[in-house]
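Chain IDs A, B and C follow the sequence of writing; residue 1 opens each chain.
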Amino acid sequence: MSLAAQISLSIGTFDLDVQFSVEPGEVVALLGPNGAGKSTLLRALAGLAPIDGGRIAIDDTVLDDPAADVFVTADARPVGVVFQDYLLFAHLSALENVAFGLRARGMPRAQANKVAAERLGRMGLSDHAGHRPAQLSGGQAQRVALARALATQPRLLLLDEPLAALDAGTRAEVRTDLRRHLATFAGMRILVTHDPIDAYALADRVIVIEDGRVSQTGSLAEVTAQPRSRYVADLVGVNLLSGDLAHGVLTTPTGAQIVSLDGAAEPTPDGSALVAIRPQSIVLHPEQPLGSTRNVWPVTVIDIDQYADRVRVRLDGPVPLVAEITPAALAALALQPGSRVWAAVKASETMAYPS
Amino acid sequence: MSDATRSIASPPRRGRQGRPGRPGRPVGRDRLPALALVLAMIAVAFFALPLMGLLWKAPWSNAWSLLHKAGSLTALRLSIVCSLWATALSIMFGVPLAWLLARVEFRGRGIVRALCTLSMVLPPVVGGVALFFALGRRGFVGQYLDRWFDIRLPFTTAGVVVAQTFVAMPFLVLTVEAALRQFDRRFEDAARTLGASRWYVFRRVTLPAIRPALVAGAVLAWARALGEFGATITFAGNFPGTTQTMPLAVYLALESDPAQAIVLALVMIVMSFAVLIGLRDRWLGAVTTRSA
Amino acid sequence: MGKTHRVLVASLAVLGSVASSCGSDAKDTAATTAATSTPAATATAASNTASATTVPTMTGTITVFAASSLTEAFTEMGAAFEKANPGAKVIFSFGGSGDLVTQIGQGAPADVFASADDSNMTKLVEAGNASGTPTVVAKNSLEIITEAGNPKGIATLADLATPDLVVVLCATTAPCGKLAALVLKTAGVTVVPKSLEDKVKGVVTKVTMGEADAGIVFATDVQAAGSKATGVAIPAEQNAVTNYSLVVTKQATNTTTASAFIASVASPAGQAILAKYGFLAP
């Protein structure tokens, strides 16, 4: 069961033209800045916006093919959607929301309610079955929306910015929950997000969309290591290091330690966490620097990518890093592949997340 | 809907947080409500005084016998039946019309909207004459109704319903159209992706969301139909039992027996009052509280 | 509601009268108009000198509340009066006689009241809202009104009882309804009307628009409908007449001009105008 999508679609002056595929059981993140066309793409996949050209098919089932005059309407597609602000029906209870799709497909009320109750139970929401959406927290609403989308057993699940409606305090916790619940669904999953952290935490593969075009695909590590444009570099060019967090210190599997002052984030019960370091925050020194900087590692330059006004330097050492420096700094350090330098990051420039 | 609620609800919240920082504000803020309150009280008096005038002039001692005087109850019954029919027709045709105006982009939509609400500004008597030209026995549509289907609207109860619907439906259309425009269509999208047909979406998602507006519009249309006079007497005529509704009975009684006219008017007022109060609390009030 | 409606009708009537007077000015031959209005002016001036010796010409504005059947005749009458008395202005408010009595009772600013029947005039007088004695200026009789050309071939009152014939009458609250009931009773005919119109013009409208086949209205209404309607005379022994009378109201502010206007209606020239519109001499 795989998705093959070739989509070209114009809305006003905006022009979307992308081609990608999703393999069975894969979680793909559509990553891109606001206005890049991610939501339009998602609407096209869901059948809410007919495409102008191209073809969308799941295995042998063609969903949209203007040339062959095929268009399967949204209600007939095996596609479930979790919308950005969940769009739970305000006049229905959580249970009725989950049962909605089943009822719409003609399942008798009692049976639909039973299935919905079971779904809610799996999400840990049995106590909230009778509540209206207004009485649910953001995280609960998201789970109801997920249960609602999965109740009709779609083959493809689309999630539009599933964490954007939440405040920073609960986002990390909900993200962890979401990852657990997403794992129970065996079908294809496409996640739209503008946040590389979400992509890293939830997706197997990233498709970067920029100005209506796919600018890069691959695993997040690949994309981070070698962003193909300045834009992608800004978008995803974040060093993400995973390990165990304790007392503000992250220990990576290789034993390297990163000190983070970002105490707001509590690690998950097992202590696993992520630390993000922006490439611009990494300072390179020819000698071991003295002073208050907490994170200092000896590193070796692997390669150097020059852009118009910035230089990205891939480094190997206790932790793999990508640093971004100015052309002037590059000249002053006389860097070339194989050079040995010191990388320094202030603890205050790192961000820790539970993973 | 929840989107709208959210956007409406958030600014006051921000305002409440900002208040303690500005101690000088409350005085200035209080002044406007006081003025508004006075103006509002004048408005209340403006509506209450004519009603009190009727109560003051009402012949309480023989009100009961006047009410039972020839034809009063017949007119009341006819009024209720016709206004309910007019409301039902307004809903049946007005909701799809509102949907068309709110949702379908087409050339000349503004003109169609103006056309469909014209009967609100048209003097009802003129509306009645216009109905003649269209649906009367010699009207450009009516002549075929007469010739082919043997349907004649003037001087019939159906004619009363037509006249009332003509003036009442715009109230429903405008109210429902506004609600449809405010309603976040993405909820309909969400329902579609869950496998709901367009009709199912309309019935189970859109309709519940606009229900307060639909009820409000229906009440407005009903009230307008109940009070309808000019178009009715012009198009449907005036005959007890078939076309003489309460307003017509009141109007004619005013010339022969003003005391009876006042009693009939009061009956209409009491009935409308009960319905308006009942509906506000049951439907409109309840829904507002829930979403707030 | 009723009130607004009435005000609306009144203002429409005023608008209509302005329009029709303009029309008649343009349409009528100048010679005829001049011929009728000059004696009228003389007569008015003469009666003025007789009744109010100190004021030679009439000035100021008067408001005349007149039965709607007088619309056409009084509009012309008003124009003639204003021509004869350049300082005077006559404003009309036409409506059902009963409505007008109610309005005057509520303090409407009328200087003159013109009733289409005796009972409404009596009502006004008995309510103490008249000053002086009413003057009967014309009579009117009933006629059957049919669509132009009388397609149903109606000849007698008895024909109105034909089943399937759509007949509309005035409500008995209106003078035309009261008289029609009397006339039908005299003739021994039972008519089942489709509608009881609140005003005589309502009957005329429904017949001329083809919605009703026949109705009973005043002879003057048939004449006013012109080519859009055909009248069928009711024999004198079955017919009934109504008296049109004028009176100065109690609250009149311009009694001199008001009396002068009544005198001009009663004068030979005024009578000529009324006759032209189908009214009978008193």
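The working rule: a contact is a pair of C-beta atoms (placed from the backbone, for glycine too) under 8 Å apart; a residue touches a chain by one contact, two chains touch by 3 or more.
Computed from a predicted structure; not experimentally measured.
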Given chain B and chain C, the chains that contact each of them: none
Centrality ranking, top chain (CA atoms only): B
Centroid spacing, where centroids are CA-atom means, of chain B and chain C in whole angstrom: 38
Chain A-chain B separation of Cα centroids, rounded to whole Å: 51
For chain A paired with chain C, centre-to-centre distance based on mean C-alpha positions, whole Å: 86
Chain B contact footprint on chain A (complex, rising order): 43, 46-48, 73-77, 79-81, 83, 85, 87-91, 100-101, 103-105, 132-134, 148-149, 152
Interface residues, chain B side, partner chain A - complex: 1-3, 5, 184, 186-187, 189-197, 200, 204-205, 208-209, 290-291
Partner chain B, residues of chain C touching it in the complex: 1-2, 5, 8-9, 12, 96, 98-99, 102, 166, 168, 171-174, 193-198, 202, 205-206, 209-212
Touching residues on chain B, where the partner in the complex is chain C: 123-125, 129, 132, 136-138, 154-155, 227, 229-230, 233-234, 236-240, 243-244, 247-248, 250-252, 254-256, 258
